[in-house]
Structure formats: C-alpha cells, structure tokens
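Both complexes shown next keep chain A, but they swap its partner, so chain B is in the first and chain C is in the second.
Now for the complex of A and B:
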C-alpha cells in the first residue's frame, strides 16, 4: 500500500497527474467510497482491499473533461472496461495514468462477489504502474447462465418478468456502467420515443433488453449494474448470456487484449456466418 | 385534548379486521428485507417498524405511474378523464416524517393555481393513523429539520407502543370514528416523552444556501455521484413528473410518471440545449431544492429528515451530510470575509 502511496505522491510532485481516482476509507464510519484525491489531500485514508468493489472507470468520461491528467486505481475487470472506453475513443489514453493493482477478488456483503468466479484476469490489461502479480487466466463457467438456459421459455419469461416488473427506472445501472456513456441515451430520446418512460412491465422489459444488447461484445462483466440495482434485478445474467454468445461466435472476451476492437464493430472474413447458414436452403 | 385509549396486543388483529370491514386498510408489511405499505391481509402477522418505512408514503397518493386520462380508437381518440376514487381508506403505521412529506405535497398539488384533482381525491378519502417512532436510525435527522419523532402533527389518529399493547388517541374529527370500538379501553396511561438526538447535520438557512449557487464546491460534491434518480424516487417530497401518452392496440392512456432532476434527460429542451448538463449542476439543483428553493416557493424546506435517500443510494452517500458540508464551507467563507481576506 505504501508503495502505491509513494508512487502517487511522486507523480503529483512531478505534475504527471492532476487528480487520483481511488478508494477512501471514512475514518469515522469505516465505510469505503470512491474518491477523487487532489494534490494536497492526505493519502493516509487511501485503501485498496477486498472492499474496493466499485469500478472507477465509469467516472473517466466526466473527469477527463475537467482535469488534464487523471490517475486511476484498476482491478482486472476495471482495466477491461478501460480498454473498451479507449478502443471506442471515448477517452484519450494521454489523459490517463493507470495503476494496475493485482486483485484477490472483492467482497460484497461479506461474501466473495459472484463476478469473481468468472474473472478473466486479475490485473488490468493496461498498466502504467503495476503492483502485484498476475495469476493465470481462468475460463469462465457462466454457471448462472447455464442454469437459466435449462429453463423452458415460459419459465424463463416468468423468472425475468418478475424482476423487470419491479424496476423503478432510476437508471442507476446505466449511470454506473463504464460502457454506457452515450451523450443521449436511447431511453431518453423523445423523437422517436423508443422506450416508454413509465415504470411498467412492457417498458421495463424493453429497457433491460436494449441495455443488455447495447453492451453485447463490450461488457467487461464488472457486475456494477447488478450491484447498485435497488431492486436487485439480476442484470449480469443478461450481460453474461450475451458475453457467452459473443465468446462462442467470435472467440473474444471484451477488454482482455489492449487495442482489440469490439467484435461487433469489426467486419472480418473469419466471422462466423451461423446466422446466414439457414438461408442457403 | 382527547383521552388516550388502550388496545391490548392480543386484540390488535381483531381491531384491524374490524376497521378493514368498513375501510380500505393499508398497513406496513416486511417484504424482501424492507418495509412497505400493503393492503391489509388478515392472514398475515402484523408488526409495526419503530422507525421509517422504506417505501415512502408518496407512492400511495402520487404513484410512480398514474393514469390521468384514457382514449381509444372508437371514440376518435378523444380524451376521457380518469375519475378519482372515493372509497374511504385508512393508512396505518406511518411516521411523523411521512406526514410532513404529505403536507409538503399538499402545498405543491393543492395550494397552487392548478389543483391536482386526483391527488386531492386521494387526500380526501384517506385517514392517517400515525405512530410515534420508537427510535431514531443512523440516517434519521428529523429533529434537525424542525420535526420530532413523536410529533402527532397532521395525523388523524396517533398511536404508540406501551407495555402489553398500544395507546391510541384521535387528533381530528376524521379520526374519531376509528376509536369507536369495544376493543379499546379508556386509560390513564400516557406515552413517555423521550429525549431525542439532535444536531447531527447542521444546515444553513435557505437565504444563506442561495449564496452558494456559484461556489466551486458543487464540483467536488458531485465527483462521485452517479446522477441516477433513485434518491428522488425514494424522497417523500420529490414530486417532479412527466406526462406521456402510451398507445397500444387501439387504446391508450395519458399517464404521469415520476421524473428526476438527477437524470440527464430532465433539463434537455427542444433543440437539444441542456441547462443542467454537468453532474455538478444536477447535484446543486437537488440540494438547493431541498434546502432553499422549496422554502422560497412554499415557505418550508422540503427535507423532512427521513434519511431514505441515504438508504437507497447505490454508493451509500449521505445527502444530509452533503448539506452539512455545504454549510461548513459557507461558515468558513463567512469567517474569511469577516476577517477581511479574499474568498478562494
């Protein structure tokens, strides 16, 4: 930890970063929160441990508009979402100083987070300063998705519609997602109005499916959408189902390789044409 | 002052079932880890939370999605107004901060040029039975907002826990018929007054808050805010809504849907201009609305101190703390000006 603190102090004094995006432990409550550290702030309360669940990459599009150089603490999954933002040119790498810190898995409510079971890589693929060692890459199991796949369509619909009906449309899932950064979200468009604004089953289903589709081949499975949902809607399931499909078709796990474009924006002669196969008959 | 009457714990269900015969009765239930109001079900056990109910009372007067008019193809899409409900109902188990929220909503929906008839009807058909809080949660700060956890202001009937039962008292004419029950006995017992915690969050006056409009603090405070809308949905005094027409297979509804000043789309105008483009401007709007604008428009600050915004926040940020931080900075600024130093 001191190693990280010293590095940050060094970069501040050299003027290589203007702000540092990290995690701060509240001295009185012990609660851990994302925080923007400035040059003269104390770094004593900067922490990195299994409680650092939040993906900070989400803040970069707003912060890069305010500061020239931003340091950021990254776990493996966070690093993957950073790759997505960079290859999509949402932010400029010149403005980012990546602190890659080896992650031993994070805890939500005292238990190891579910997303960690399917973790692709424990360190960020992009690192200007690396701390800790990389562990061997794991093959994702998608245990929860496989369970859903076993259900009959009617059963599946029942499972999801019960959750969708509860959605309040607060858009916390969209706001925390590092890959949901449209200037004007499709849910906010007025002409044409693709998605009705009211919190009812049909409109909510539309919102959740469109949200998931827009992340296909881009989502790094940081699991933040599901974690922040006040109604505990299992949004990772939808993301994972699409991630699994993308992986089976294109052999790509989004964000694991720097500079690799998302599979759905690249046209290659090696692309699978399973969708077209039935057309030949 | 009316007399206190006592209801034994064993008689509670019989008493409630008696009420449910004559009125539509709503009581708090504990579902999936949170308290919310639900229609009375004689088959379920009844308990009352000692402090706030997670889902605010706003929902029962001004629901998330509310149909205000209908139209269909056969009548050439002409609008038919939705008729307000008249069946009298009782909502039981609410707390002083809930009533404070409703009273604020009255100012917005009833004391204005354009009355909301559906809201008015909901208000007129409802009898409020409020409970004095047994304790203050960590996030509760109604004592700092000029309320008290055992206040009976605005309630039709007030009740409180006592050994072996409940003490009830009617506060208005509307509430009197509810106490006409054989289950209730006159008593000399009185609720015990408690000393409540105070001064957790110090908030400056509305006029002082307005001077902070151009301060750079809003940027610092909004650094990590996601600007999702959940705090505004949970807030008992956030009443913004949008109107939308929803059409499906030859039929349609005109609905009001909760909207939130924290969302990106809220302030976008025709032509694409957005008056509150940055998260800082949206956080500022909500903070000033709670602690200043509301006072300027309706003569009362709209934060009731219920602390629901902290409970629902995905990042568990404390909104009242945010108000207190602004106040602190304000004090420092003042001291600097008094000492003749320039503002930073």
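Now for the complex of A and C:
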C-alpha cells in the first residue's frame, strides 16, 4: 500500500497526474467509496483491499472533462472495462495513468463476489504502473451459463421470467454500467417507444433482453449491474451467455485485446452462415 | 367446435431481394401459408434485434428475417452486419427460453419466389409442431 502511495506522491510532484481516483473508507458505514485525491490531499485514507468492489472506470468520462491527467486504481475486471471504453474512444488513453493492482477477489456482504469465482483476468490488461504479484488464474469459464444451457427452453424461460417479473425498472443497472452511455437510452425514447416503461413482465423482458444485447461483445463482466440490482436479477448470466456466444462465433473476448473494435461494430465476410442456426453443441 | 389456432409469423424482409422474392412468389401463384405478416425494411442491416424481441413479446409465434444473399446486398455490406447481430440475438433469445425453432433467419434473393414459398411453409409447419410447447415471452402477463 505504501508503495502505491509513494508512487502517487511521486507522480503528483512530477505533475504526471492531476488527480488520483481511488477508494476511501466511508466514516459512517465503513464501506469503501470512490474518492478523488488531489495534489495536496493526504493519502493516508487511500485504501485498496477486498472491499474495493466498485468499478471506478464509470467516473472517468466526468473526470477527463475536468482534468488533464487522471490516475486510476484498477482491478482486473476494471482494467477490462477501461479497455472497452478506450476502444470506443470514450476516454483518451493519454489522459489516463493506470495503476494495475493485483486483486485476490473482492467481497460483497462478507462473501467473495460471484464474479470473482469465475474471474480469469485478475490483472488489468492495461497497466502503466503495476503493484503486487500478478498472475493470471485458470478457471472454468461460464460454468453457470453452461448449467442454464442444459435446461429445456421452457425451464429456462421459467427461470428467467421469475426474475424479470420482479424487476422494478429502477435502471440502476444502466446507471452503474460504464458501457451504457447513450445520451437517450432506448428505454427512455418516446418515439418509437420500443420498451414500455411500466414494470410488468413483458416490458421488463424487453428491457433485460435489450440491455444484454446492447452489451454483447462490449461487457467486461465487472458485475456492477448485478451488485446494484435491488431485486438481485442475475444479469451477469445474460452478459456472460452473450460473451460466450461472441467468443464462440467471433473469437473475441471483450476487454482483453486493446485496440480491437467490438465484434458487433465490425463485419466479416467470412462468418459462416451456420451462426444463424444457433447453438451447435 | 374447436378452432385450431394457426401460428402467427412476422417476416421482416429486405426491400431489394427478399420482399421482391415474396412478390415473385405471389405473381407466380406459388401457394404458401397465410399466417405470414410481412414488414418491409430497406435492408436486412436495418433489422435491429429489438424488432425481433418486440415481435415475440407482442405475441408472435415465430419471427423470420430475410435479406439478400451474402455478397449481393444492395448497399454492399448490410447483410454481413445483420448476420452478426441476428446470430447474437438468436443466442440471447434461446438462452432466455425461446425455442430455437421459433426463429428463422435466411437469405432469399429476388429470383427465389419458390424458395420463399417453401421456407414459409416449412417454418409454419415447424411452429405447428411446437404448439404443444409452452409459449414464451408472450405479451399476456404470465402469472408467476
């Protein structure tokens, strides 16, 4: 930790960063919150431990508009998230100084977060300064997705419809997602109105399908949508299912390869027609 | 008397090939089932998967999307984009529980009136066989 603090102080004094985006403990709740540190602020309350659940990349577009150089603390998943933002030119890499910090998994409510169980990228793909011992893990990917895929279609619908029916349409999942940044979201659009705003099963289904589809090939699996959901809808399942589909069909894993456009933005004349026939397993 | 409910199919066809193909099927007097409702779009690249999702939510039994054959797109590359998008959309719908047979994505050229008629008949038949399986994503509020 002191190593990180010293590096930050060094970069501040050299003028290489204007602000540092990190985590600070909230005095009342004890939870960790995103915090912006400036040059003369004390770094004593800068924290990095297993409570650092939040994805800080979400704050970057606001900060890059205000400051020239921003340092940011990145876990592996946040790093992937940053890559997808850079690829879409939402953030300019010249403005970012990435502190990649080895992450041993984060804890939500005392338990290791589910996303960490099947995390294979516990180091950020982008790093200007790296801290801690960083080794990629080997885990079976998409285990939960495979379980669902084994079910019959009707069972799958039963599984998901129970969750979709509970959705309150608070759009917390949208607000927290670094990749959901349309100025007018399709869910707010009035003409044509693709998704009804009321919280009922059919409209909720539309919302969750569209949310997942729009993140296909872009979602970096930071798991924030699922964390903030008041009804605990398993949105990571949908995201992961599409990540798996995209990986199988287009051989791209979002957020792992810098400088590669999202697979649904580019086209390939060599895609086989068989992909239109669905899953071949 | 029991009324047999016919499957309702939404066909989204591109203006330059598939719609013309459907037209040819009509002028050539090929017979095909009347359960198809056609929506014409300028190009299969115009087909936002949102349209497909909405069709299922609105209660259609099946959705068919068709455009020009790869390489023949009037606008050059629209159908390559469509292929990627629809492939992903199909996987998402399958994952959430729509039966794979309820979606049919194909290429039909303006000269393939016969193929259009055949594919419609085949798709309708597939959906009839499915009638026993539970319908999903339907507009009616399913009690949970």
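Here is the rule we go by: the second predicted complex is superposed on the first by the 261 of 281 C-alpha atoms of A that agree within 3 Å, B and C clash if a C-alpha of one lies under 4 Å from a C-alpha of the other, contacts with A are read in each partner's own complex, and residues count from 1 in each chain.
One rule holds in what follows: contacts are C-beta pairs under 8 Å (C-beta built on N, C-alpha and C of every residue); 3 or more make two chains touch, one makes a residue touch a chain.
Keep in mind that what you see is a predicted model, and the values were worked out from it rather than measured.
Asks: Quick check on the chain A-based superposition: chain B and chain C, clash or fit?
Replies: Partners fit side by side after overlay.
Asks: Who does A:104 touch here: chain B (first), chain C (second), both, or neither?
Replies: Neither: A:104 stays clear of chain B and chain C.
Asks: Check whether A:31 is in contact with chain B, with chain C, with both or with neither, and answer first, second, both or neither.
Replies: first
Asks: Given the touch rule stated above, what does A:175 touch, chain B (first), chain C (second), both, or neither?
Replies: first
Asks: May I ask you to decide whether A:3 touches chain B, chain C, both, or neither, giving the answer as first, second, both or neither?
Replies: Touch partners of A:3: none, neither chain B nor chain C.
Asks: Under the superposition described above, what is the C-alpha centre angle at chain A formed with chain B and chain C, rounded in steps of 10 degrees?
Replies: 90
Asks: Pick one for A:200: touches chain B only (first), chain C only (second), both, or neither.
Replies: So A:200 meets both chain B and chain C here.
Asks: Just to be sure I read the superposition right, which of the two partners does A:228 touch: chain B = first, chain C = second, or both, or neither?
Replies: First partner only.
Asks: For A:44 in the superposed arrangement: first (chain B), second (chain C), both or neither?
Replies: neither
Asks: Answer with first, second, both or neither: which of chain B and chain C does A:264 touch in the superposed model?
Replies: second
Asks: Is it chain B or chain C that touches the larger share of residues in chain A?
Replies: C
Asks: Once you lay one complex on the other using chain A, what is the shortest C-alpha distance from chain B to chain C, in Å?
Replies: 7
Asks: Hey, what residues of chain A end up touching chain B and chain C alike?
Replies: 200, 202
Asks: Provide the residue numbers of chain B that touch chain A in the complex, in ascending order.
Replies: 64-65, 219-220, 223-224, 226-230, 233, 242, 244, 246, 248, 255, 257-260, 263-265, 268, 278-279, 312, 314-317
Asks: Would you pull the chain C residues touching chain A in the complex into a rising list?
Replies: 49-50, 53-54, 57, 70-71, 77, 80-81, 83-100, 103, 105-107, 133-134, 136-139, 141-142, 144
Asks: Please give the residue numbers of chain A that touch chain B in the complex, ascending.
Replies: Touch list, chain A to chain B: 31, 33-36, 54, 58-59, 62-63, 66, 168-172, 174-176, 184-185, 187-188, 193, 196-200, 202, 227-230.
Asks: State the interface residues of chain A toward chain C in the complex, per the touch definition above.
Replies: For this pair, the touching residues of chain A are 145, 148-149, 153-162, 165, 186, 194, 200-203, 205-206, 208-210, 212-213, 216-217, 238, 241-242, 245-246, 249-250, 263-264, 267-269, 271, 273, 275-276, 278-279.
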